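Shared chain: chain A. Partners: chain B in the first complex, chain C in the second.
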Partner chain A sequence: MDYLIRRVSLFVPTMLAVSIVVFFLTRALPGDAVDQMLIESPYITEVERDAVRKQLGLSDPLAVQYVKWVGQVMQGDLGSSLFTKRTVREELAARLPVTGQLALMALALSLSIALPLGTIAALKRDSWVDHVARLLSITGVSVPSFVMGTLVLTYLSIWFRWIPPIGYTPIATDVWRNLQQFLLPAAILGTELSASVSRMTRSSVLEVLRQDYIRTAESKGLSRGQVVRRHVLRNSLNPILTIAGLQVAGIMGGTVILEVLFGLPGIGRLMYDGILQRDYPLVQGLTLLAATVYLTVNLVVDLAYKVVDPRIQL
Partner chain B sequence: MTAPAAPPLTLYPPIEVRSQRAWSRAIRLARKKPVGAVAAIVVLTMALSAAAAPLVATHDPLATGPGQQLRAPSAEHFFGTDKIGRDVFSRIVYGARVSLLVSVTSVVIGVTSGTLIGATIAYIGGILDLVFQRLIDALMALPGIMVALALVSALGRKPEFIAIAIAIGIFPRVVRVARSVTLTVRREPYVEAAVSIGGQTSRVVLRHVLPNIFAPILIVATTSLGSAIIIESSLGFLGLGTQPPQPSWGNLIGGQARFELERAPWLIWAPGLAISLTVLSYNLLGDALRDILDPRLRGS
Partner chain C sequence: MSSIESERGSGVTAHDTNYWTSPRNMVRRRTFLQGSAIAAGGLSLALIGCGSKEGAGTTSGAPAASSASGTAAAPAAQKVGGELAVVATSDPPSLDPYLQSAGSTYTFVGPIYSKLLDFAATENIKPFENKMVGDLAASWEATPDGLTYVFKLRDGVKWQNVDPVNGRALVAEDVAFALNKMRTPDPLYTSAYVLDPVSNIEAVDAKTVKFTLKKVFAPFLDSIGHQNSFILPKEIFDKYKDGRTKAAGTGPFILDSQRAGSAHILRRNPDYFGGQVYLDKVKYTVLPDSASQVAAFRANQLDIISSNQKNQVADILKSNPKTQQFFLPGASGVRLVINNARKPFDDVRVRAAIDKAIDRRAMIQTIFDGEARLMGILGANCTPWDIPQAEIEAFWKTDPAEAKKLLDAAGFQNGFATEWENSNAAPGNIPVLELIQAALKPLKVDVKIKSVEYADWQKHANTQDFIAFMTGVRAATDPDGIFFRNYHPRSAQRWVELKNDEYKPLVDLVDNQRTELDPKKRLEISQNLTRGLLNSHLAPGLYDPKSYVLANPRVQGYAAHGLSNHQEFKHTSIRA
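And then the complex of A and B:
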């Protein structure tokens, strides 16, 4: 219980720190949105620019702007995009299903590759399976997703004259078309993520195999399969969960590249466009979202330890 | 932070003997860790050919070749030519200059600042430690590529700004490692001894703590080099890296090249190979260093 309170109460100051970092990162930099908005009209005078700044609240001191912004965010108001004039919340809501599907598919794929591969590599330590798994995972983290994505798109087009259908079709509208659009980016992101999960699985399983209770289980005559299923896997889940939680930031970053490359209109693409246009209410909203998702997932992971491992006293 | 130089009059053997030993030690390590040794050779070769780019490159990386557009790889053009007839091999060699320099600079910035801050907050502790820990958590929660994109688009696409933007992603990871190992080292008897004879905090941190947390920091630094290259080239790919026509590994793949790939797939696999091989070597080297320097992690 003590741990529960401590862990949850850490969330608040960390979110506060996130808001400070996000705010100053996006706003305390040279070249503001007004310059960018009026880039098409270079003959506008500095006086007129100042009027626009005042209207947007950009001429207040930074600290004042920060407090105002946090106040609004607390009420669920993330402001409006400087360019589309729609609220950041509307923009997010429209894009979230795309990124959500991509992230979930990638995560599912990553775990379904990494868990068996890592476990087998540990059980058959120093066998060829182990070496191949190690090579695959280290190659997985070494080939950047934009290289992998471009390669796959190029050679599919050369060999099979096939490219994924352009744009985004919701899965409810046309399952097949939707899968054609999502399978490749999800596979690329998923294999990339599976690299570190499978390594963590391997070392976690190895660690558990050294424990006394495994020897006990073996000496009371359980078969190898029973030992693995009943004792090894359950006990090695904790570190695996942790690393999967920590990957949320990687998923968020990965979607920027893959959504741009595969033309998917998700959060990552929105972020990219927002950054190019210096649409900082949008960029602030999105980075805040990314950080909140990351922190929440990791909070849930920490709390889930209790479920996975009853020995841990929360 | 290098270890303090050996005092002149000591029991150390003369310099020649020591350097011979260093050699035989290196050879012994290479025998034990052949993969790491190969990786080290690849890394060195890349760095040397980037430094000596004018000697290694077969063509001027910016010179267009009329009538030489989109030539397939040949003895004349190892990796073919691009849409306006520039030699891809030479562009990769020159691109390595930018990409390696930016990534090494970013790692130096991130690792130096991260180590100093991590060691300091762990050593001093208290409220300072708590505040910094929350800030580090916050930085960790932000995807590195997003932060780098935002910073580069705001500051501009100069190599030094790109390096700083990448360093911000490396920094929190280094702080965490430095902090946790410092917490262990702090309780060691030799640190206690240094404090008890009245050593100043700054002196104790510089002379006793930093040299002893060097190994884990070196491991993080090596693997950070790999991720720095990935972020640098991703920025280039997204059009926010080094300004064309100056080649960098990322902008060779992004930009205009994308529309010619079906006719000229070497435009993607050649630079892709350079990037992946470099990152792979850094990762393998990091693995080997981890095995050598940190026996506790051996085999994991």
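And then the complex of A and C:
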């Protein structure tokens, strides 16, 4: 419990650091939201631009703007989009389920492919199974999801005149249509992610297979299956958990491209549009959310170490 | 009062040598549009549907244009019902066209709102015809001094039967309120400049609106039909403060539902004053990636897409041979802007040398497989106001020897080094800039190309903190949209400087074309101004590639003008 309190209390300075970096980095980008808004106004003067900046609260010194924003955030108010005027919270509520579903499905697919594949590859080391598994892993690592996504969409449309229904239907509205929309992007992202997990699983299982306690288990008469299930897999899990945890960041990045390709209205697309428009409150809010998710997942992974291996002292 | 002709531009006709309508230049089924990555970012929905249809598929029974006194006839061949699926590259950031300059806003709210006048958007409209017709206006007149315009509204126009207008009748006061709102003197009202020449808008009676101008403004009717000049109801401002999140107009379609990032849907307005609307729904699917758009089109999830990449169109026609092609008349012309306030380009001989060294024809052949026209100053949409195409072609003679002589005379026998910018949002410009680089190398002009972030590029352009860059030509239907905006010292987006005395005659011509009401005389001014700008080598055009819209065979009655904000959907139907 002490560990948990210590880790959670570390969230505060970490988030503060993230907020400083994201706030000042977004303001350091060339051009600003006002330039984007007034792009089509031929008579606009610099005085009028400044007036708009003032209206939007962008004319205060940066430090003042930062303190105001952090004050708002601490009260649970992430602000409103400069363009749509919708609150960042509303935008998140609309988009989070999409990215969340895509990420979870991709992670589930990734693990369900990678764990058996990596384990089998290690158990059948240097056999054709191992070679195929390694080839798939290398392919998965080498082919980025935007290439795979584009190829899949293009060839499906040419060969079958079919692609998954573009857009988003909530799962509560139509389960089948929702699954049609998510399965392919989740499979592409999952396959890409499974490559590194599969490689790590193979290495980790091979490492464990060399341990004395595995020989002991085999010599006391346990079957191969029992050895793998009871001793090999459990002892191989910690490095795999680390990689899977780190992949959360990869998933959040990977969803941006796949959301664009498959027309899914998720967080990634929102972030992309926000950056292009210099919609500061939106970008800042989304980055804080990403940082929170990342920190939380890492905390969960660290806690999971203890569950998987009780010998570990947190 | 003298009656204003109902067809804007009458007396000014496209030249006989019109490149686009010349049969030899009309695209054959098997010769596709030239691949152009220049229009990077793709053609927005604003372009979809401009121009004429050709190639496979016929769309019989085209409806007649909405005339000032009548409504579109419903041909028997077109059926009521169905959903048209079109693509949007981004969400409309706002539904208020007065506050938002994004094309995605205008194209989405276009079918919801009406204007006093609009450009005809029927199949029988030729490219560049720019035929203006009454939308809410039944007729309109101007005083001989051109300072007062009076519009009579149609009878029986009702607001859509939705909150907050609930089907009440449209009155002149609505029009006066809306256009006065549009010209609110607040920088956030980014469309206010369109009505800058207006001093007063008032409702004379329930059916009559009067505009009083500060001074004569020849393109006034173009401003009234401008993509910004929609009529929004007072109730929206009373109830919602502005029109960002709510839209209710008098147009052929009603806002049905919106899911940001996914789809925005319009449904038929059963009470539309302009006659039968065929489509039950129009669905805008947000899909920014062009490869995904093509895949969705092939899979019949999108009915209409645009493309200007030759190979892409060829591939689509191979897999979907019954696809209908619509010809987009330009609107993606490109020009080279050289900052004449910066040395050594303040010397017209240096600018002329650059122009004479560039081989525009080779550029078109190499990059567009010949499928583009040479461009002067005006974009294709302004063809009726342009100098003849033959004159443009004669002007652009590549002559490296003459270029060398000009540079020598300017004192640059040993050439010079210069750094030009390119926006990272337009990577397709790079091959063109490399051709220019190669053409200038023999003159010892060493051009370095610097890629800059889009917002940075925009800022440099507006503050004239650049040496040169390539950019698109505005899709204006009136030449003032280019002459004033790109060249007049009062415009914040002029990019070239005409402040010096040597350019005063050109500035005078820009001013004169704004106040000349006689179309023939205005054409003469426009042409003289074009020649003057060409001879001054100030931001001249490079080329104007062909572009196309592709439609599924089931789409019927679809054709439009480029700036009509999807008013063409009211004539579109889905085949049985």
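Just so it is clear, the second predicted complex is superposed on the first by the 301 of 314 C-alpha atoms of A that agree within 3 Å, B and C clash if a C-alpha of one lies under 4 Å from a C-alpha of the other, contacts with A are read in each partner's own complex, and residues count from 1 in each chain.
By our rule, a residue touches a chain if its C-beta (ideal position, glycine included) is under 8 Å from a C-beta of that chain, and two chains touch if they have at least 3 such contacts.
Predicted model, so just to flag it, every value in this text is computed and none were measured.
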Fit or clash between chain C and chain B when superposed on chain A: clash
Contacts of A:Lys85 with chain B and chain C, given as first, second, both or neither: second
Touching partner for A:Val260 - first (chain B), second (chain C), both, neither: both
First, second, both or neither for A:Thr154, with chain B first and chain C second: both
Partner chain(s) touched by A:Ala17 [first = chain B, second = chain C, both, neither]: first
Contacts of A:Leu58 with chain B and chain C, given as first, second, both or neither: neither
Touched partner set for A:Arg49, first chain B, second chain C, both or neither: second
Partner chain in contact with A:Ala304 - chain B first, chain C second, else both or neither: neither
First (chain B), second (chain C), both or neither touched by A:Met271: first
Location of chain C clashes with chain B - one stretch out of 63-71, 171-179 or 423-431: 423-431
Touching both chain B and chain C, residues of chain A: 29-31, 150, 153-154, 157-158, 260, 276, 278
Chain B partner contacts - residues on chain A that touch it in the complex: 10, 13-14, 16-18, 20-22, 25-26, 29-31, 125, 138-139, 141-144, 146-147, 150-151, 153-155, 157-158, 202-203, 206-207, 249-250, 252-253, 256-257, 260, 271-272, 275-276, 278, 283, 286-287, 290-291, 294-295
Residues on chain B engaged by chain A in the complex (per definition of touch): 134-135, 137-147, 149-151, 153-155, 226, 230, 233-234, 237-238, 253-254, 258, 261-262, 265, 268-269, 272, 275-276, 279-280, 283-284, 287, 299-300
For the chain A and chain C complex, residues of the former touching the latter: 29-32, 35-45, 48-49, 51-52, 55, 83-86, 91, 94-95, 150, 153-154, 156-158, 161-163, 165-168, 259-266, 269-270, 273, 276-278
Partner chain A, residues of chain C touching it in the complex: 90-91, 93-94, 100-101, 187-188, 190-191, 193, 196, 244-245, 259-263, 285-289, 291-292, 294-296, 298-302, 319, 452-456, 458-459, 462, 484-485, 490-493
